[in-house]
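Below: a set of structures, written as C-alpha cells.
What follows is chain A paired twice: with chain B in the first complex and chain C in the second.
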Partner chain A sequence: GQEFHFGHCWVQRAILQDLWRAFQSIRSTVQALDNNTDVRLLRQEFLRNASLAEICHLNYSLLNFYLSNVFIKYHTKAEELGILTPFTTLANNFFAILKKLQGCKERGMFSLSESSQRKFQLFQQEFTKLNPEVRLTKALGEVDILLAWMEKAFR
Partner chain B sequence: DEAVHLPAPPDLSVHSTNMKHILTWSPVTIPGETVNYSVEYQGEYERYYTSSTWIPSSWCSSISTPECNVTDDITATVAYNFRVKAILGSQSSSWSTLKELFNRNSTVLTSPRMKISKDGYHLIVEFEDMGPYFEFNVTYWKKSPNSQKELYKIVREGGSLVHLETMEAGAEYCVKAQTIVEVIERSSTFNQVECIRAQDEFPL
Partner chain C sequence: APCISSGLPKPINVTFSSVNMKNVLQWNSPEGLRGTDVVYTVQYLIYGQKRWLNKSECRNINRTSCDLSYETYDHEEQYYGRVKVIWGKHCSKWAETERFNPWLETQIGPPVVALTPGEKSISVVLTAPEKWKRNAENNSVSMHQIYPTLKYNVSIHNTKANKKWYKFVTNHTLEFPQLESDTLYCISVQAYVQGPLRKAKASDNQCITTLKDQTSELKVK
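Coming up: the complex of A and B.
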C-alpha cells in the first residue's frame, strides 16, 4: 500500500482519501456560513521554505488545536446542520493521526522549531481575533487547506 | 396500558470480517409485542473530548432485528463504543454498551477469492470486489525445474480483469495473492496457489 510521509512520520493515503470525502460532504454547508472571506487563518506562506520536520510539527500543532478548540465546540452545530457523520469521521481520523504523530514526536522524529511555533502562534492570534462563532466556522471551512498541507508533505 | 419492564438488550458484540462490521445483541422478548431497537455510537474522539456525545447509527435508529450493520459508522482506525436500547411504544429501556471497545484493525481478513485465466498468451487475474479499502498483492512465477523467479504486482481494486504477464508458449505459470488493507496496516494470508499452462506454439 502507498504510505503518506508526513515529514518524517507516515499516515496512510487511504485515510487521507476518507478525510477528503468527509470534508467534501460538509464543504458547501460550512463554507456557505463563512461571510468573512477576506480573512484566511491557514496562510500559504506558513509552508514557504519550511523543512519537512517543520511541516510535520506545524500540522501536529494544528491538528491538536482543531481537536481541542474547533471540533469540540462545533459538535452541537454539526448536529443542527445535519453533518454529524462526516464531522465525526474528520474528528476521529484527526484523533488517530494525532496519536500517531504523538508517537513520532516522542521518538524525536520532528523537533519543535522556533519558526513553526511562530507560524502556529500567528494562526492562533488570527483565530482569537474573530468572534467565537465566526472563527469556528472559518476554521472548519479551511480544513481543505489543512488536508492539502498533509498531501503536500506526501509528495 | 400497563408499563412493562423493558430490560436493556444484553450481549452486545461486534463481529467483523473483511472490514464489514456487524453489531449484534440478544433480543428482548415481550410476549405478543414487537420490540424495536435504537443504536448509537461514539468514537475515541467523542469519548476523549465530548464524552456525553453519542451519534445515531446511520442505519439503525429504529429496527426490529437484533443486528445492525455498523460499517458506515466506523470510519477511523480508533476504538469505538456502541450502545443499544429497546423501545416498545413510548417506553424505552436503559442503554447497554459494549463490554470491549471495537477497533476496525481487529477485523478478520480472509485470503482473497481469485480467478486466473488466459487470453491467448496473456495471463489474466481477477479478484472479487471487496470494497474501497482492499488492494491485492499478487505474486506469480513461471514453473521451471531449476530457478523460480517470483514477480509481484499490486492490484488496486477487485472486480476487473488484470493482465499479469505474457506467457511463453507451453510454459506453466502459478499465482497466489493476499489482500492488503492500508487503513489498518494489515494483510491477509496468501490464498491457494493456482497454476495455468500457456498454449503450445501454433504449428507453422
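Coming up: the complex of A and C.
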C-alpha cells in the first residue's frame, strides 16, 4: 500500500483516507456549532515558508495535542451529537499515526524545530483563550485544516 | 438608508458552487416571495477574521447568484457567504452558508484531451484543468500544482464491439495499444485526487477512428 512521509518516517496512506471520510461525516454538525467565526486556531501562516521538517514537527505536536486535549474531552458531546462512530474513527487513527511517529521521533528520524515549537505555542495560546466547550468544538471543526497539512507532508 | 429588519423570510439553500476554484454563491428565493420584485445583498467573511465584507457588484441584485471567486481566491483560507432579501424599506435576516473550504470542496473539472490515432493504437495527451484566474493576463495555475496527487481515470469505448474499459494513470500521456484498425473509439477522462471525496466532472466523449490497416490495403491492390 502507499504511504505518506513525515520527514523520514512514513505512515500508511489508507489511514488518511479513513480520516477524511470520518471527518467529512461530522464536519457540518461540528462546524455549525462554532459561532466564533472570527477565530481560526490552525492559521495559514503557520505553514508559510515552513520546511518539510517543520511541517512534520508541527503536525506531530498538533496530533499529540488533539489526542490529549480534544478527543479525550469531547467523547460525551460526540455521543450527544450522534457522531460517536466517525469521531472514534478519527481518534483511533490519530492515535495510530501518533504511535508511529513517536517511534520515529525516538529514533531521531525527524527533528524538533524551534520555529514550529513557537507556532505550536501560538496555537495553544489561542486555544486557551476560548471557553472550554467552544475551543473543543472549534478544534474539532478545524481537523480538515490539520488533515490538509498532513497531506502536504505526503510526498 | 439601512433597511428595517422585519419578518421577511430569509433566502434558502445558500451554498457555494465551485469548479476549479471558481466559487459562486447561490441561493433560492424564499417560498413566500417568489415572483415579487425583491432584491438581494451579499456579504462574505474570511474564517478567522472579524468583519463581514461587502461585494459591491452584488448589492441590491435580483439574480440569485453572486460570483465570489475573486474574494475567495486564496484556496487555503476558508469562507462564509451570506445573503439577505430586501423589499422596499424592509429586509430579512441574513442567511448564511456553512463554512466553505475551497481546497476541500471544489469540483475538479475535466482535463483537456488530445487524441492521435494510429493503425492499432490511440495516443492520448492530457492537460490538467486550470484554476480559475483573477484576470486573463495572470499566469495559469494548474490544478495539478494544487493537488500533486491528481490522477486520471480514462475510459475508452469500442463503438463497433460495444466494449468499454478503463485505465488509471498519473502522468499526462498514455497510449491504448492493440486496438482494431478502422474502428471508431470514444474516450472520456475524469480527473480525481486521493484523500477526501471530491466531485469531479468527466470530459465529454471524444471519438476518433483508428487508421486503416495498410497491409491489408496493399494486398487488395
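Keep this in mind: the second predicted complex is superposed on the first by the 154 of 155 C-alpha atoms of A that agree within 3 Å, B and C clash if a C-alpha of one lies under 4 Å from a C-alpha of the other, contacts with A are read in each partner's own complex, and residues count from 1 in each chain.
Criterion: contacts are C-beta pairs under 8 Å (C-beta built on N, C-alpha and C of every residue); 3 or more make two chains touch, one makes a residue touch a chain.
On a predicted model such as this, the values are computed, not experimentally measured, just so you know.
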- So, after the overlay on chain A, do chain B and chain C clash or fit? They fit
- To the nearest 10 degrees, what angle do the lines from the C-alpha centre of chain A to those of chain B and chain C enclose? 80
- Query: Now for A:R40: first (chain B), second (chain C), both, or neither, which partner does it touch?
  - Reply: second
- Go through the superposed model and pick first if A:K129 touches only chain B, second if only chain C, both, or neither. neither
- Message: With both complexes overlaid on chain A, does A:T88 touch chain B (first), chain C (second), both or neither?
- Response: first
- Task: Compute the least Cα distance separating chain B from chain C in the superposition and give it as a whole number of Å.
- Result: 6
- Item | Overlap of the chain B and chain C footprints on chain A, listed as residue numbers | 13
- Query: Where on chain A does chain C make contact in their complex?
  - Reply: 13, 16-17, 20-21, 23-24, 28, 31-32, 34, 37-40, 43-44, 141, 144-145, 147-148, 151, 154
- Query: Can you list the chain C residues touching chain A in their complex?
  - Reply: 45, 47-50, 74, 76-78, 80, 98-99, 101, 103-104, 149, 194-197
- Item | Complex contacts: residues of chain A adjacent to chain B | 1-2, 12-15, 18, 22, 67-68, 71-72, 75, 84-85, 88-89, 91-96, 99
- Query: What does chain B use to touch chain A in their complex?
  - Reply: 43-46, 48-50, 53, 55, 58, 72-73, 75-78, 132-133, 135, 154, 180-183, 185
